[in-house]
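Heads up: the structure comes next, in structure tokens.
Labels run A, B, C and D following the written order; every chain starts at residue 1.
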């Protein structure tokens, strides 16, 4: 392959394609990092909430509801689900001595159950909703499907919206206060229990939204929740727990590293590279790129 | 004996005795009826109980949740298989598997013990994932298919020998080994060293100021756990005649964690009961529905939330009370010299 | 307490199995064990296996059974994990006392179960695993394969490709694990023999989310044909992403038989159009036997049979023929009867080669058109089978 | 052996520009009570963390019994003969009183005994009994440390520190949160202790400090403001201004 071909066909598109995949990973990691950073809860069932969102989009889409409406409807439907999960599963063990391990175990159990329930409800076969925006755009010889362009734009909007809510609004300030010191926040009149449930539900809704957005590209099947989970956890750790911008930078960076690595060396080494990055960060910079939200 | 931890350990020993008695009864019934399947299933449950034991040593005593303990189980199994394919010697295979897991767990420990808590869980998870993937892609190790053709060996104990193909004989051998590993672990946990581990779980930050190296204690328990997992894994190819990369996958690690939670974290014997229980649950539920994950997942969640000490944790305090009542009737023997006992009476 | 509970259960079961031993064994129903993935990633395949076998058992029983005995199927979930498969298979052999075993999907399970069958002196067959090793270097006297193996598939496909697009440049994209690599290697050698140059090859990790990072290399090498051996969800992603990027125009995509199947074709949709593969079965086979089979299968399961369903369906008729020929269900006698056995299936006549226990069968090249597998070429059984490489028996 | 049991020379550490401890030097003499005082935020607890190895100093030197221990880990400073308590009670709350003491006393045993049954560690067990008696905790030996009253917990904490037979004992506000009666008891106890162990104390109760200390070090904004016998320090005008002025 000559150098010009390599640049035009391989490297340049890679940057654009990697951006779309990066946005996908960031969308999944966003809810995870919020729940992790603010509630100090390891949600192992995050991938399954993502799957529920995708299946909801599939089922409701098949029932004739437009994709554009689903972008709003599915996250809204996920909120009560997230609230219920927080109330029934997280809150009872929230104050146990080893919160990390206990919540990790409870949500691990939930993941097992949800995965099997999805199979009972929707069957084991892979399904896929139609691409909402078909066609592709060619820019200077680089082909990009229109839906991926849309995904990049919407992804950026979602990240900015979430960051605005968390960092710039009174609501976000209450959440961050509750994350920093629960008792202090309570004494300042923050309804801590509601904030916690709301934050968890918000994270779950974001997972559901990611499911709606990504289903047309990555298809829908019962075990899809496991797909992103290691990568998403890595993004959260590398970016810094609870840091939204950290998740964005880490998500975009890691997917590019992964993609470029698979071009230069054997693709099978991409997993060790991602894992190696996670280990390196845990050992040398445990607070991640941007440090922990509410604690920085 | 009034020391609480020693008392708990004694209660565990009683439960271990019950288990061994039950196992021997099973062996006797099995031998009498010429059964193969249930004895071999029991053998498998015991082998995986070894893995669960190692998870409990980490989680229940030093407070470190390993989500990738199957890594060492798998390394033990593969090394044992490779050895047996060359030389069909039980002792050589066990020694090789022990040596390999010793080295592997030292390396793994150097990486994983740099972090704590949930990060430890994620690192052990990733470590196992990466190694399993490498095995899955290595043609020399049979890649995704694993390796078959591991011979049925004769296990020599001096003048007597037992065939791994003999269901009763091999069941008893495995029972002895796993209970031996349990015994060694239980012994170590009731020594001053073991108490340092308990202290780590209780309040890790205080430990260095008492003059103990936290890193050394964690490292020791990690390597010990790796070794237990590896030696248990080494028995697997002797029973089943093959190894496959699935032995290292998260399913295997996850099952061990489920076993420990069901049986009771930090009870040691609970890991073994939990493993037997899980095998039993799976085979009972599996015969009426293929959706066993729903049932097992629910039971698991209930245990984590409402029975944090598992089934053994539910039973054991009752045994402890009996033991305590029994011990207080005679002239209250205590580990401290009698003179000090008298001196410490209420002023 | 649970220990005693376990004991009671175990003792009860032991007593029960002891009773059924012997006396009833030769007169009651013939039991066939099915160890197949009913949970996990391979569930859809396990479902086809189950449907195919159940239909065959129903028809055989309606026709008077095997040598006058009814057939009963005993299912166990193997979770696509060899360690579970072996445990469940042992249960079927030892406790259920099945006469014959089938159902394993991934080749690791099939190989491990073959060894178990040997050690239990029973017979087993696979209807799904297509790794060449099962009937070549790791062949077992107790294992039979009634489905086409990888080499049969690639020989048929390569022969068609040489006619359809002579000397076309081929690019290879496989899943990065042993099976994926060997499938690509097998087709590559067939294709290169017939003069097709290689444009390049790349192996993507199993369960890859995004294949777009490989598209650049594919475009740059400007191939006319893309061969892939990915399967299941991976195919859905690969083909739909290729379509999204507009790469499917002027590109003939071909692949392994498991790449596009009735399980994932719905999800792939338009992107599957034109995909061609070498396979042992298509519901479009225009014979009365097949039409009857497809109709019955559809009526029973509300779904079309695919190669797994058809191969599993056919297996029971081979077993029936063998048992009736042997006049017994004894392992040695049935093995002898199965060797060289020819029987009719919806796929055409199949013959089990005595030397390696591999079924020979006519191979089809099918191409997806409007969501159906149209047959576009056929290769005779003896042309596709390849040499007998089993040296154990 | 002669010379001070603890000597620090120009010890310093900064957190992001803020010099929490700035070139502090002093010595603690054998079998004496040395007290560090100063207003909140003067750097007293940070100084303790530097001395006990919880923090590594950016500059300066630390000598325990004449041996350089600069930057050593807590386990190593412990081995060198330094024992410390914490401002906020820091015990193994889920373990019994006796077990808390035995854990601390175990360092008296040779390493090999760590792998022998508990009963073989006779010296540690004897020490445990001795501590139970001395601190009047014998009747509570089997209670969980977490179930003790605050006063008992503070006492147990001192007992734990003492069980390893240290050369120097660092006590961080041992009377914090105690009743008057308990405070007086503790003062008496500390005075008794100083017969066989050197004590370095952080204390807020000025009356107690003046009454108890042989030597006082005053810290202010990370620096050492003054040191000397209690009476001399009390009279120092700089100390008056910086410290007593606030009261």
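Methods note: contacts are C-beta pairs under 8 Å (C-beta built on N, C-alpha and C of every residue); 3 or more make two chains touch, one makes a residue touch a chain.
Quick caveat, the model's predicted, so the values are computed rather than measured.
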Labels of chains that are neighbours to subunit B and to subunit C: A
Centroid distance [mean C-alpha coordinates] between subunit D and subunit C, Å: 74
Interchain centroid distance [CA atoms averaged], subunit A/subunit D, Å: 48
Gap in Å, rounded to a whole number, between the CA centres of subunit D and subunit B: 41
Distance from subunit B to subunit A - Cα centre to Cα centre, in angstrom: 35
Subunit D: positions in contact with at least two other chains: none
Residues of subunit A touching at least two other chains: 116, 119, 268, 271
Multi-chain contact residues (two or more partners), subunit B: 137, 291, 293
Each pair of chains that touches, named by its two labels: A-B, A-C, B-C, B-D
In the complex, subunit C residues that touch subunit B: 1-4, 6-7, 9-11, 13-15, 17-18, 38-39, 76-77, 79, 81-83, 86-87, 90-91, 93-95, 106-108, 111-112, 114-116, 119, 131, 133, 138, 176-179
Residues of subunit B touching subunit D in the complex: 2-6, 187-188, 190-193, 195-196, 198-199, 202-203, 205-206, 208-214, 335-337, 340-341, 343-347
Residues of subunit C that touch subunit A when the two form their complex: 39-41, 43-44, 47, 176, 202-205, 207-210, 212-217, 219-221, 232-233, 236-237, 240-241, 244-247, 263-264, 266-269
Subunit D residues within the subunit B interface of the complex: 52-54, 73-75, 78-79, 83-84, 90-96, 98-99, 102-104, 106-107, 109, 113-119, 121, 124-126, 128-130, 132-133, 136-139, 141-142, 160, 164
Subunit B residues within the subunit A interface of the complex: 59, 63, 65, 111, 114-115, 117-119, 121-123, 125-127, 129-130, 133-134, 137, 254, 257, 261, 291, 293-294, 296-298, 300-301, 304-305, 308
